[in-house]
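Take a look at these structures.
What follows is a pair of complexes built around subunit A, which joins subunit B in one and subunit C in the other.
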Partner chain A sequence: MKHSKSLYLFILPGLAIYLLFFVYPTINGLILSFSSWDGFSERKWIGLDNYTRMLTGDSIFVRAFQNNMKFMISVVVFQTILSLFFAILLTKNTKKNVIYRVLFFFPTIISSIAVAFIWGFMYNPNVGVINSFLGNIGLDALSNNWLGNPAMAIYSIAFVQVWAHTGQMIVLFVAGLQSIPEELYEAVYLDGANRWQAFRNVTWPLVAPAATIVVAYTTIQSFKAFDLIFALTGGGPAYSTEILSTYIYHTAFQSSEFGYAAAQSMGFMVIIAIVTIGQFKLLRGNRAY
Partner chain B sequence: MKKWFSATVFMIALAMFVTGCGNNGNSSKPNENSSAPSKSASESPKSVDNEKEVQISFIHWRGEDTKVFNELIAKFEGENPKIKVEMSIFPSEQYLANAQAKLIDGTAGDVFASYPGAQFETMFKAGLYADLSDVGFKSKYTENLIKAGQKDGKQYAFPYQLVYNQPIYNKAIFEKLNLTPPKDWEGFLALCETLKSNGYVPIAFPGADIGPGQFMNSMMMNNNTDEEIWAKVETGQAKVTDEWFVKTLSQFKELNDKGYFQKDSLGTSKDIAGSLFAQEKAAMLATGSYMLASNLALNPELKQGLLAPITVAADQAVYEGIHTTTFLLGVSARSSKKDAAKKFVEFLSQAENAEKYANETGQLVTVNGVNYSTSELQETVSWTSKKTRFHPRYLISVAAIEKAVTSSIQEVIGGVDPVKAAENAQKIIDQNLKK
Partner chain C sequence: MNHRNKDTVTGKTMKTIVLLMFSLLILLPVLIVVLASFKQMTELFVNPLGWPKTFSLDNYVVMFKEQSIGRYFGNSLIVTLSTIFCILLFASMLAYAIYRFSGWRSLVIYGLFAAGMMVPPQVNMIPIYKLVADLKLTNSLGGLIAVSIAIFMPVAVFILSGFMKSMPKEMIEAAAIDGCGEWQSYFRIVLPLSMSSISASAIFLSVMVWNDLLFPLLLINSESKKTLPLALLQFQGEFMTNFPVIFAGVIIASAPIVIAYIFLQRYFVEGVTAGSIKG
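Up next is the complex of A and B:
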């Protein structure tokens, strides 16, 4: 079959949008990353200085990366396990299950700023409902300075992220679980398998492609969880919740170092790419089925 | 092949056209010599009565002043029917980020407000301020209160507000317990202990947001009286690991360890700390005079005063408090409506308008001849005769260093040893030293 070259014209609108809104800003950002620019005066070309500074002379960048990893691991582990657990319970399309799925999905459609406002109030150590509730049931010892304790704050925000996005992942897992043929379960139970063995040998291998998507999506989502952290703690106290995206924002818009912020963004892009590619490689084996 | 070639050429042309339309930091060619603003900028405001109607943009961050500014703008437009004022308000934390692009391309901010210190310096370097040295209304301001808007002997902006960045105290509680503002550190600790033993939170400290950056000023003002100290820290001539700053951090730790801040102060925001104070659960509020009006709105019965902790022996104290002149009103050097913009600044500089602004917002102003009608403002104005120091934190011009300093206070309150917290801050400062 002979293709007409004019067919390529059909990709032009999409290509134009891609070039303008993705390639051009990325290249512009890359060029900016080799400059010193305060956002007002003229740009000054400084070669690799921004990258040298980022890799060898910026302890906050390292700390932000560490916080990112803490946040990402907490969110990926708990969000994946919880969403799979609830998806298994809610696989069948009964009326009750659909209602539960809607309820679990509901936080996903609330804006991050509204979520931050709600949880900021709940976590408040002086007037928040969590500490009040714990106090009222005699568990005062468990009350905490959820967002003000530097050792605790990042995990408190990770909990909110899990709360807000588990419903979204449940939907992906339910779709994966519903595609597993019922006959496989009948066969494995006929062979005398218990529920755990059925999960291990049927459910998990066949839901693995959905798990791959969930893990990859959750990873990227947690790396870029800017709005929630910005609205809840702004990166504090004492950098304890500063992640790469909030740090880049602070570098650009508080320190007015746009060139350095662009270099940090490039580093951030590379980190996300490495983590995502690594995950895909690790989880690729799951696609054997 | 011909079609493919044509399509490629079209694509390149489209891309060049669209990118050419965008604004680029370089393309706008800001005043290359920022200390030499355009000539027209320094002329006196001309009459615009015979010209066609113009609309000027006024940008600032004070959402709480919306009502009074709307009233003042309505009055201004009544007096100047050919000039319309469009006000835009951006949140203070994102003010620079939001205002930046608009100010650069001159599409907004014919009149704009800015903070003193680092923000004023950045905007000045970018050549954004029109020279206002020769305007007639300069004489309406108190001369020694408009220095924050000066550079190289010229006036580029007029600080409109006079703020005292030191704790507010509840006069009724102090009177009830027979307490007076102390003269030294031992007296301050004794005062806090008395308040605590009588069931009050001695100091409501908004440690989650503005607290460290506000309270550090009065806590350090007598520990290091050198007004150039932060400039020295920024250039490596002084360090925060030096005795004076470790002492300041240790004093923060002492206040925290003795329970003189409310529980979990690092999780407390400005609003919550303000409500603890307004409910009279806390006897002091570690913010500044800018919260007097909002406290009163929450509790009209409050009787408030200002004090500052003296962190040294009484005979070593040099300063009694901290002041700032802020909300710097400037006219954009890139505005095409400078005359109308200057007319609006002139209008705000008139005593009767400044008086309305002051009395309705609870802020002192730098304009002469203003009568303050509220007891809070009268209390605050009494501080103009005291020996106060300009807000030290505003003299830190590198934002990363400022954040390292305030974070060290949060670290200490979070349990880190003051020496270690100072070392952590110094490490970040060393990475951001001014070259």
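Up next is the complex of A and C:
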């Protein structure tokens, strides 16, 4: 059937606002990345200078990328294992399990700023709960300046990220686990398999599609953890928690190098694309089915 | 017999212990912060974990009297509600057009928005900041709303058009034969039938927009236009380590979403998950 002309009116408002506030800036960002611009004066076309600087002369950019990777890898590994473990415990839709899932999901809905303040307090070296708890149980030796120690800070934040988002991944894994037919378990247990063998031969291969989604999503999420890091440490101490997105923000709004920040944004996008594609390939390759 | 979990008695106990410990890990920090918001700093120092001596509302009074958190709350409410309303309206219209058009038109519109989901909003912060400044919309809630609509719309288009695809096209064609125009079939047939995915999108969007820090941070710096996440950041600078006052702010800022979550848990879990996977 032929559509009527009035359908174009359906597209108009959404498309207009999207083109103006999303598509145009995306293209403009690319152009800006070839320019030098301080936010006020005329912008100047400088060709590839920003990119040369980013790739050869900027140790903080490299540092931020490394921090991103450290953060991503620790979050992906721990969050995926932890959420798969709890999803297996909570697969069935019993009343109790549903309550646990809702509880574990809770931190996902509060803002990253709120999460940052909660954990900023927990980690605080003077009044913080963690250190005083360690002191009370005689483990003073383990207490630390969790966010002030450059060797430690990025992992302390990774822990917070895992705290906040494990519940969300549990839900995804539960959906995957529930789609595994009960008969498969009956069959392997009849063959005398133990729990580990059942996990190895039934659960793991069949939960792989859900795992792919979880890992991919966790990766993107941890690359984009701007709010959490910005509110917890602002990238410090000594750039030890600076990730690409906070660095882009600082380049633009602290150093007023908007053109260079735009080039960094392009680098950021390319890195995300490469990591995502690479990961999909890797996980596909590992899949048994 | 349940074959999936061949639970022995010790296995069951272990499972309960592990689950309770993780529940504690999730709940304890939240509880500590809620209790701390009723304490004074001196009390928090000596008694960080325990029950407050008296449930004093002083910190909340500071938030409302000295900090005008009511205004920030209002700003957040305006931004969130207008953004969600516009996104749901525009995205459902777009999804309807994608559903009704055939061939390349449908593909081009769909592709344009699907491509938008690949670009993380943080990539666009510089050019969006520049555009809003050029349009003289910095420090206006309207500018923030327009940007938020554009940023979060692709996901909604994706979810809604995915849902509409499953509706039989014959339905609309039959209605057209009966003289039903596009607007009528959108408002009377497709929109009512899409309510489940529209409300899932609404929940997902309300969490995203209410909690968003990045774009308010870029586009707003005047005192009177701040949204809650931005105001919280400002409290951090102002009160430094006076945690109880900051926590009162955190609780006021989180209250609407948390209350909604308590009543609509299942829909939140579904909505937020659907939105974030596709987003």
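The criterion applied here is as follows: the second predicted complex is superposed on the first by the 261 of 289 C-alpha atoms of A that agree within 3 Å, B and C clash if a C-alpha of one lies under 4 Å from a C-alpha of the other, contacts with A are read in each partner's own complex, and residues count from 1 in each chain.
Throughout what follows, a residue touches a chain if its C-beta (ideal position, glycine included) is under 8 Å from a C-beta of that chain, and two chains touch if they have at least 3 such contacts.
As the structure is a prediction and not an experimental result, all values here were calculated from the model.
When the two structures are aligned on the shared chain, A:Ser265 is found in touch with subunit C, with no touch to subunit B. Contacts of A:Tyr24 after superposition: both subunit B and subunit C are touched.
When the shared chain is aligned, subunit B and subunit C each come close enough to touch A:Val127. Looking at the shared chain after the overlay, A:Asn145 reaches subunit B, while subunit C stays out of its contact range. After overlaying the two complexes on the shared chain, residue contacts for A:Val171 are found with subunit C alone; subunit B is out of touch.
Shared-chain residue A:Ser59: touches subunit B; no touch with subunit C. After overlaying the two complexes on the shared chain, residue contacts for A:Val102 are found with subunit C alone; subunit B is out of touch. By the document's definition of touching, neither partner reaches A:Ser222: not subunit B, not subunit C. In the superposed model, C is the one of subunit B and subunit C that contacts more residues of subunit A. Judged by the touch definition given at the top, the superposed model places A:Ser74 against neither subunit B nor subunit C.
Counting contacts as defined above, subunit A residues 6, 8, 15, 20, 24, 124, 126-127, 252, 258 meet subunit B in one complex and subunit C in the other. Listed in rising order, the residues of subunit C touching subunit A in the complex are 3-6, 15, 18-19, 22-23, 25-27, 29-30, 32-33, 36, 44-45, 48-49, 86, 89-91, 93-94, 96-97, 100-102, 109, 112-113, 116, 118-120, 122-131, 146-147, 149-151, 153-154, 157, 173, 176, 181-183, 186, 207, 210-211, 213-214, 217, 228-229, 232-233, 236, 241, 243, 246-247, 250, 253-254, 257-258, 261, 265-266, 268-269, 272-273, 276-277. Chain contact summary for the complex, subunit A toward subunit B: residues 5-6, 8-9, 12, 15-16, 19-20, 24, 37-43, 53, 57-60, 123-127, 145-150, 233-234, 236-239, 250-256, 258. Chain contact summary for the complex, subunit A toward subunit C: residues 1, 3-4, 6-8, 10-11, 13-15, 17-18, 20-26, 28-29, 32, 86, 89-92, 100-114, 117-119, 121-122, 124, 126-129, 132-133, 163, 167-168, 171-172, 182, 185-186, 189, 195, 213, 217, 220-221, 223-224, 226-227, 230-231, 245, 248-249, 252, 258, 261-262, 265-266, 268-269, 272-273. Chain contact summary for the complex, subunit B toward subunit A: residues 1, 3-4, 7, 11, 14-15, 18-19, 25-26, 30, 32, 93-94, 96-97, 100, 104, 122-123, 125-128, 207-209, 262-269, 272, 276, 398-400, 403, 407-408, 410-411, 413-414, 416, 427-428, 431.
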